[in-house]
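Each of the next two complexes has chain A plus one more chain, namely chain B in the first and chain C in the second.
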Partner chain A sequence: MLRQDINELLTRTGPGTAMGELFRQYWMPACLAEELPEDGCPPIRLKLLSERLVAFRDSYGNYGLIDEFCAHRGASLWFGRNEDGGLRCPYHGWKYDTTGQCVEVPSEADNSSFAENVKLTSYPLVKIGDVLWTYMGDPATQPPLPEFEFALTPPEHHYTSKRWQQSNWLQAFEGGIDSSHVTFLHSGGLRSDPLFKGAKGNQYNLNDTKPFFEVADSDGGLFVGARRNAEEGSYYWRITPWVMPSFTMVPPRGDHPIHGHFWIPIDDENCWAYSFDYHPMRPLTEAERQAMVDGHGVHSKNIPGTYRPEANMDNDYLMNREKQRTGEWYSGVEGIAIQDSSLQESMGPIVDRTKERLVPADSGIIKARQKLYRAATALRDKGVTPPGVDPAHHHVRSAAVVLPQKEAFLAAARDDVRVRPGFPISSV
Partner chain B sequence: MPKVVYVGGSGQEHAVDGAVGESVMATAVKNGVPGIIGECGGNASCATCHVWVRAEFAELVGEPDDLEQDLLEMAVSEPRDSSRLSCQIPLSPELDGLTVDVPPQQP
Partner chain C sequence: MTVAVQTQTLSSCARAATAQEARYRIDRPIAPSRAGRVVALDEGAADVLSRTAQHDWANARFYVCEAGAGAAGDVVLRGIDGGPATLADELASASVVVMVATNDSGVGGAYALGKACWERGIQTAGLVLGDGTHAGTAAAAAVAALRPHARVLLPSADEADVVDLLSALRV
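Right after this comes the complex of A and B.
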């Protein structure tokens, strides 16, 4: 269980909250680059950390993320006209550039300086890989840009998707460091999903349903090691890195692309699940990319034109009891992503952790909560910069390795869990 | 056989003989001491065996490790300096007479 006051602290991310301030120390995904496909394209509405914002790409190609509402009378700038170098409110014609600076108030006299004194809240918006990243904290402490490997590989090596999840960010994120559910919930996928199947490691996964967990600190967060029996004298280790606040990578399978997630709070009861796949050594194949677009692997099949999954809480995630009975889909829900979201959303918008019962397999979750709590309170009380802000902390990889039984996992896999350009992922 | 005394919220005492090497949690559960649950089986995961160790035994019992400390800070309803998870206290001959207070509520 978790004390109610700590559950509150970890789950609330609006302005002025301890966890909200923690998130505001990091660069994080604001949206996908595909949402602003060209110069001068329509703006999009975004809510991040409970702040309502508008993102746009001006006619010169500058990206901006600004307060959603016009400073004049509060109309939504989503209705705005993306004109020459700025976004113009269609109500009375006030115009803003990508920094939120008002550049024109048409009703004022030509020599008026009124507009100069009007500026909307704005945050930087930077394209790296398929993602537009933002930093919503104090400009004085803005860290260098993120250096996650998935975003820095050539475009043909990676694919990124996102989906709306109707739950608090923490229960979504906790699924990402909980490797023990894979043997149950995703057992069907290990056998059949085109982006998972065929790896030798899958057999270790399916043969040993009682993994032993070991958790080790990293500079930016944790490495969660799940140990299963392999051949005589050796263990199969699946190592999941977590970089604070909410970046995780799934341990790889065979030569399949490697994948992971970012969970970003929209508000306290909704989050974005960003899912990426990449291969450091080669372009994704046509078949792999198509499978990702079709919602296989960690990706989802979304309602066209939206980022809401087709299988969602309003249609019981298209539950199929027959597939549940045969075990083809262990829970009766199709696809890894929706298998996760269906259960995480079923807990309620913010799960009441005073009622949970944790077991040793949850040690990654226990440790991660503790690190978040310590980091959020140290930032609040003493201004301590949290782990994961330094881009050097981003240089991690997940790994799936067979190690001698007597070896400590992190000591033996030290090179396997860091980014080594030109070296393949360590995977069986 | 080291003896352990468990004191409940209203002052009722359960004095139990334990075995060397067995934990304070397991000793309680085997003898039906109320208020100590030990749901995770002694793995410092669930925090349902929380006790307050009487001051005179604090030094002998020692300090919690990192994971136990996390749970004491975040999972128990009334953490105190004397808090321990009783599954992480193995009995030894020196601990004969160990007295712990059982909180009114376990997680």
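Right after this comes the complex of A and C.
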């Protein structure tokens, strides 16, 4: 269980909240680059950390993320006309550039300086990989750009998707470091999913359903190691890195692409689950990319034209009791992503953690909450820069390795869990 | 492209109609489900546990483990406040044993405790105070000593982790 006041602190991310300020120390995904596909394309509405914003790409290719509401009388700029170098409110014609600066107020005299003094709140928006990243904090402390490996590989090596999750960010994120649910909830996928099946490691997983866990601090967050028996005298380790505040990676399987997530608060009762796959050594194959587009692996099949999964709260996630009975889909819900979202959303918009009964196998979650709490309060009370802001902390990989029983997983696998350009993922 | 949307839900109450409803939980006091036994394996750990024991715990009891004088694997427990304790008695009502170490001097204790817990189906957790993720440190030696005997191991813990883990487990 968790004290109610700590649960409140960790789950509220609006402006002025301790956790909200923590998120505002980091570059984080604002949207996918595909949502603004070309210069001068229609703007999109975005809500991030409870702030309502509009993202657009002007006719010269500049990206902007600005206050959704026109400074004049508050009409939504989502209705805006993306014109030459700026977004024009269709109500009375005020026009803004990508920095939120008002550049034209048609009702004023041509030589008026009125517009100069009108500026909407704006945040930087930068394309790296498939993602447009933003930083919503104080410009004076803006850190260098993020250096997560998935986003820095060549475009043919990676794929990124997102889906809307109707729950608070924390219960979604906690699923990302909760290695003990995989053998149950996702057991069907280990056998059949085209992006998982066939790896030697899967057999260790299925043979030993009671893993041992080690949870160790890292510079940017944690490494959660789950070990299972392998051949005589050795253990099969699956190592999950977490970089604060909400970047996690799934340990790899065989030579399949490696994947992970970002969990980004929309508001306190909704979040974005970003899911990526990449292979550092080779382009994704046609079949792999198609499987990802089709919602296999960690990705989801979304309602066309939206980022809402087809299987969602309103249709009971297309529950199939027959497949549940046969075990093909352990919970009766299809696909890793929706298996997670269905259960995490079922907990309610913000789960009441005072009612939990945690077990030692939840230690990764216990420790992550503590680290988030410490970082948020140290920032609030003493201005301490939190772990994960420094791009050097982004250079992590997940790993799946077989180690002699005597070896400490982090000491033995230190090279396996950091990015080494030109070296393959450590995986069995 | 058409979207398969099931218009008739399989269970009329599977989905809460409002956020308020979705938040609902039956509000009954939760009985402490764990009788926790928290054992210091060395002097440094005993120091920390003597402070931790001062908190308000439901069922947790705190001990220091000393290597026995007799055969290998023999351990002697005493209460953190000095009172006598017998391993078998203390484990009889336990559902989780949390071992705390700062170095590997408690390896014998860890072995005996781990074995006793395994035989009785009692869950084990280990916390190593200090940085046990770098080879060559006393904490790393403690990690190696505890690894085979703790279902969950925190190799780089501090005093607050002990309190947080025990609170989370409702012991």
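We take it that the second predicted complex is superposed on the first by the 428 of 428 C-alpha atoms of A that agree within 3 Å, B and C clash if a C-alpha of one lies under 4 Å from a C-alpha of the other, contacts with A are read in each partner's own complex, and residues count from 1 in each chain.
Assume contacts are C-beta pairs under 8 Å (C-beta built on N, C-alpha and C of every residue); 3 or more make two chains touch, one makes a residue touch a chain.
Predicted model, so just to flag it, every value in this text is computed and none were measured.
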Exercise for the section: Using the overlay on chain A, decide if chain B and chain C clash or can fit next to each other. Expected result: clash
Exercise for the section: Would you check which partner chain A:V103 touches, where first means chain B only, second means chain C only, and both and neither mean what they say? Expected result: neither
Exercise for the section: Identify the partner contact of A:L343: answer first if only chain B is touched, second if only chain C is, both if each is, neither if none is. Expected result: neither
Exercise for the section: Scan A:C41 for contacts with chain B and chain C and give back first, second, both or neither. Expected result: neither
Practice task
May I ask you to decide whether A:A378 touches chain B, chain C, both, or neither, giving the answer as first, second, both or neither?
Solution key: neither
Practice task
Using the superposition on chain A described above, determine whether A:I128 touches chain B (first), chain C (second), both, or neither.
Solution key: neither
Exercise for the section: Applying the touch criterion given at the start, work out whether A:L358 contacts chain B, chain C, both or neither, answering first, second, both or neither. Expected result: both
Practice task
On the superposed three-chain arrangement, identify whether chain B or chain C touches more chain A residues.
Solution key: C
Practice task
Based on the superposed arrangement, let me know which partner A:M1 touches: chain B (first), chain C (second), both, or neither?
Solution key: both
Handout entry: Overlapping contact positions on chain A, where the chain C interface meets the chain B interface
Key = 1-3, 215, 357-360, 362-363, 366-367, 370
Practice task
Spell out the part of chain A that touches chain B in their complex, as residue ranges.
Solution key: 1-3, 6, 215, 354, 357-360, 362-363, 366-367, 369-370, 373
Fill in the blank from the handout: Given the complex, residues on chain A that touch chain C span 1-3, 210, 212-217, 269, 303-304, 310, 313-316, 318-319, 321, 348-350, 352, 355-363, 366-367, 370, 405-406, 408, 410-411
Fill in the blank from the handout: Seen from chain C, its contact residues with chain A in the complex are 1, 3-6, 9-11, 14-16, 19, 22-25, 30, 33, 96, 123-125, 131-135, 140, 143-144, 147-148, 150-156, 160-161, 164-165, 167-170
Handout entry: chain B to chain A touching residues, read off their complex
Key = 39-41, 43-48, 67, 70-71, 73-77, 107
